[in-house]
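We call the chains A, B, C and D, going by the order they appear; numbering starts again at 1 in every chain.
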Amino acid sequence: MRFGKIMLSVVMSVMFVSLLFVTAGAAGKEPIKIGAILSVTGPASFLGEPEKNTLVMLQDQINKAGGIRGANLQVIIEDSKSDETQAVLAAKKLLEKDNVVAIVGPSTTGESMALVPIMNAAKTPLVSCAAGAPITNPVSEREWIFKTPQYDTSAVEAIYTYMKKHGITKVGIITIATGFGDAGKKALHEIAPKMGMTIVAEEKYGPKDSDMTTQLTKIKAAGAQAVINWSVGPGQVVVTKNWHDLKMGIPLYQSHGWGSKKNIELAGKAAEGVIAPLGRLVVWDKLSDKHPQKALLKKFESDYKALYKSEPGTFGGHAYDSLMMVVEAIKKVGPDKKKIRDYLETGITKMPGTGGVYTMSAKDHCGLDAGAFEMVVVKNGDWEILK
Amino acid sequence: MFTVFLQFLFSGLTVGAVYALVGMGFNIIYNSTSIINMAQGEFVVIGGLFMWFFSETVKLPFFLSAILTVLAAGFVGLLMERFTIKPLKSNDLLLMIMVTIAVSILMRGLLMFKFGKDPYSYAPFTEGEPLNIAGAVIQQQTLWVIGITACCIVLLFLFFNRTMMGKAMRACAVDTTAAKLVGINVSRVVMISFILSAMVGAIGGIAITPISLMEYDKGPMLAVKGFCAAIMGGLGRGRGAVIGGFAIGILESMTAGYIHSGMKDAVALVIMLAILFFRPAGLFGSVAMSKLRKF
Amino acid sequence: MGRGNSIALVLLVLAVAGLPFVTTGSYTLTVGIFSGINALVAIGLCVLMGSAGQVSLGQAGFYGIGAYVSSVLSIKFGLPVALSMIAAMAVASAAAALLAVPALRLKGHYLAVATLGFGEIINVILNEWGPGGPSGFGDIPHLSLFGYTLSSTTSNFYFIWLCVAAGLVFSLNILNSMTGRSLRAIHGSETASIAMGLDIVALKIKVFVLSAIYASLAGALYAHYVTFISPSSFNLFYSVLALMMVVLGGITNVWGGVVGAVIITILPELLRKFEEFDVLVYGLILTLSLLFLRKGLVPLLIEKAARLKGGTDARA
Amino acid sequence: MLELKGISKGFGGVKALSLVSLSVEAGSVSALIGPNGAGKSTLLNAISGIDPPDEGEVIFSGERVNRLSPMAIARRGLSRTFQHLELFGEMTVLENIMVGRNARTKAGFLAAGLRLPSGLREERESLSSSEEILDYIKLGHHRDDLASNLPIGEQRVLEIGRALATGPKLLLLDEPAAGLNMRETRDLGELIKRIRTEKGITILLVEHDMDLVMRISDAITVLNFGEVIARGTPLEIQKDPLVIAAYLGDEAA
């Protein structure tokens, strides 16, 4: 019992100390505060991790270069644990305790959707790092919401266009049973009739599944001319290995989630010949020097690699674009919520980012042109742009 | 058509072997303590990630890495038992199970710090093309996993039937109070069951990582599936868990193959529930034994 | 209902009523809202575990049914929200009864296993056939009562805690009635309860249904407050979390459910400063609390209080 | 009141009861005696449905009940106590008795949770009748004590009180005097007699204390190795050579 008493007090004091931490946070000389809500942990941490790294790196770079309008930039990052409830709480905290002028993120479509009513009510701009179309559409009801990632349909269009050129019209799709895979599945279905493609088989798997040969066997039996796998995380490597083992004789296409060298390492030989639509971030060294994105991509990727010994990937790029857009706005109009929002809508024209070249408008709060993707194949353990 | 069926079957075997190994670990602890150890999945993750660490980062030879990994996992099992289960000294099984959940959260946190969130993998035990049987392919590593599962069954059988410690553990499984009365050191039995079960989990992790990759948060899914395997075979029945694991793996694969892949988890669960309702002791458990159980 | 309970209830009402006046902005209130939602789930689970001695690992299933059925009915069929919430509770209780009838005829841990399976099946169904699939769906209407729409945080806070208080009173009444005594009797000795002619299967089914109603009400409140839901909020992790709240707070007293829910909801907020270390600190606090609080916080505090008073009536 | 016809019960090869027949007159106190392991408790469990017989019929108030659940049998007016006390230890003495009344009440969860008048009325009735029973068994002074804190003697009485609360026609008492001292046993005997004469409840008891049995019983049945070896009035049984043999061993026969 005495031990129990001691421990009780230990537990209590830990709680109490953490409470002190919370209240002792703020103070100092007026930095410009931008909030970020990212899935740093939880099932979507493959997004939140590079996004968080990117924001931390950019904050340091900007402050070393003198900050914004003479003030330091402070990016307050909150972990949403890949959970909508936590995202809502984080948003309230950032808006009220930290008085941020804008929020970057969240990482997933679901969490972004959960924040729409909150941001509209708080009249604070949100630049989401998630791709789902309903985040910014309809724009009339999403006045304060923007996003930087390409629509999934753009990636699908890139794949279908390339397929058509090579005479493929019947595809089998296999998607991960999460929001990411589901959004891909919807996009694949939506664009198919317009592009004259037929989806002959549609399969799914769980994010932690260890074997997908059953699904791939079914796709092949359905007479598909190609497989499209829409997923992120270990699943895409397992699919690649299974595809290789089965010697399916039809090409494997991956989503834009494929864009990390890590995947090639993990899949080894099996990755050879896998095709995917990737943002230019992973293939910047293969772009011509005149390309508007090249200089920016080169700097971002090499800085990130030097700092974190890993790649930022497409998703780190989303955070880059979201933050830089807000920073650009603050530079021009100052830290005022309404002015930032207006600038994001009208001022962002032909702005190069990692995801493409952005032009926002009152009708389009994403502002990416088609053609943000390059079709890239894995060859000799490296990326190669397909013409 | 047969080739396709065979391929589904092989896929089921691959997945099932993973579940079977996890299910076996559950039974070891359950048998001597009646605790359902919800951190069992983390032992498997430790197996995969530590193996990667020893063989890919420290660059130790394969066998040495494997042995170190299994020992390290056993040590984690020991720590867990000594610091959480033993001090608790409680008869409240629910509380014990909640503690294992809390420990699993803690372990996941630690693993995340050491290894980050990326998936890891290393080369399969034997390089080379997958085997082709009547047009269907099976990875060599799958055969390894099945072989290792079989070895574990044999070794555990020998341990439980031929050694004093093993017999003592079985005695505890039947009646802890009686075991105490005949002079068995129950506390040691519980400790060893945690070590053993962590080791079996780690062996599973080492074997399956080349197939399914391993990342810090794979534990809960493995635990749930392994738990289902153990339930299906009859909790406490070592071999039952293995057969239960393969049964669930094959069920999932056949559902994915002949119904729809989106339904595979649900169908497997529905069948598991149906079995439970009609044969409460699991496929291989005895009804009389199951009535004696507290949980 | 007992003097202790009445005093605690008055204190709770005062705290809830006063909170919006002592805080600025809606952050604290939002934490309060989620605490309240979790508390509802926990109260139901507490009654189930503490009085009937059954464990459920599938409360997330009922929580999800509550959220989805209510949202779908109000969006797709244009039903008034209040009505669709009631319908959602009806669906959840039907599901609970269907599950409990076979599961509770078996002894021991089968309800735990059956509910685990049930929760997972519901999650698969929401993923496959729920509107929006795994991505979920939004633009769910707020609750309107008598022409007043609960869109502000404060109004939601009051309403949700009104539900919690009502739920608390309801379950305290039950536990202090003949029904509650029967439940405690079953927990004490099943053999004797049967010999007294108590229909223990029926009682257990009813308690289980009751816990499902609490969870589904919480789910519906969640959906109509956040206005966006996706299946990931209703998975096994939530079931385990609910169990954690109850065990932490103490299963033998319904107040334990409320206290546990509030702690589990606030804890991650307090740990934000630890950034990524929060997972570790969180795990550590949970482990230590379970190891050293054992019976749970509320029963422990009551015991302490009773000892201070000199060992008079310890029971609230 | 109660009629047993050819009851047999085996536990994995061991015959615990074979072809036991027995009848209990309404309004009588009957006793079931026999050496340890004779199958007395097995027979009580068979009657009350807790461990139903393999063969034979149990007829209670003219109705065959051996296929019914223990709950259903209890609700037909058969109540019992246990050799190894099965009180609700974490509940008070009064609450234990109130549980006995619960099977007779109708109000459900809704009535209880919302404190509807129907529930409250039943609650009041239950309380007053339980207090009556408490006074009847003379445990009024322990009203709010935890059942597990009572001495054994009073726990036994409380079990009888709880069984009375269900409003039985027949009361089965399984070794009610086990662990009781002389004075307590005497009081118990008085209580059993009062229950029979004042409440008109039929009683069947299993007991080892021969003084008590002989003092209060109208009829006695003797079991040995699962078979009925004698039945009759206390005087008849005391003289029966088979009974003496069973109790004293073979050499006496």
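Everything that follows uses one rule, which is that a residue touches a chain if its C-beta (ideal position, glycine included) is under 8 Å from a C-beta of that chain, and two chains touch if they have at least 3 such contacts.
Here the structure is a predicted model, which means the values were calculated and not measured.
S.K.: Where the centre of all protein Cα atoms falls, which chain's Cα centre is nearest to that point?
M.R.: C
S.K.: Hey, which pair has more contacts between C-betas, A-C or A-B?
M.R.: Pair with the higher count of C-beta contacts: A-C.
S.K.: Just the number, please: Cα centre separation of chain A and chain D in whole Å.
M.R.: Inter-chain centre distance comes to 73 Å.
S.K.: Measure off the straight-line distance from the CA centroid of chain A to the CA centroid of chain B, and report it in whole Å.
M.R.: Comparing mean C-alpha positions, chain B is 35 Å from chain A.
S.K.: With chain centres defined as C-alpha means, what is the inter-centre distance between chain B and chain C in Å?
M.R.: 32
S.K.: So which bits of chain C are touching at least two other chains?
M.R.: 127, 276, 279, 291, 294, in rising order.
S.K.: Mind pulling the residue numbers of chain A that touch at least two other chains?
M.R.: 41, 43, 177
S.K.: Two or more other chains in contact with one residue: find those residues in chain D.
M.R.: none
S.K.: Where do chains touch, given as pairs?
M.R.: Taking the chains two at a time, the touching pairs are A-B, A-C, B-C, C-D.
S.K.: So in the complex, the part of chain C that touches chain B is made up of which residues?
M.R.: Contact set of chain C toward chain B: 49, 55, 102-103, 106-110, 112-114, 116-118, 120-121, 124-125, 127-128, 236-237, 240, 243-244, 247, 251, 276, 279-280, 282-284, 286-287, 290-291, 294.
S.K.: Touching residues of chain A toward chain C in the complex: what are they?
M.R.: Within the complex, chain A contacts chain C at residues 3-4, 7-8, 10-11, 14-15, 18-19, 21-22, 25, 40-41, 43, 77-79, 81-86, 88-89, 92-93, 95-97, 109-110, 113-114, 116-117, 132, 134, 177-179, 181-183, 185-186.
S.K.: Flag every residue of chain B that touches chain C in the complex, lowest number first.
M.R.: So the residues of chain B in touch with chain C come to 84, 87-88, 90, 92, 94-95, 98-99, 101-103, 105-110, 112-113, 220, 224, 227-228, 231, 262-263, 265-266, 269-270, 272-273, 276-277, 280, 290-291, 293-295.
S.K.: Over in the complex, which chain D residues touch chain C? Could you list them?
M.R.: The touching residues are 48, 50, 69-71, 74-75, 79-80, 82, 86-91, 95, 98-103, 105, 107-109, 112-115, 119, 122-123, 126, 144, 162-163, 166.
S.K.: Chain B touches which residues of chain A in the complex?
M.R.: Residue list for chain A touching chain B: 41, 43, 45-46, 49, 174, 177, 203-206, 208-215, 217-218, 221, 233-234, 237-238, 245-247, 262, 266.
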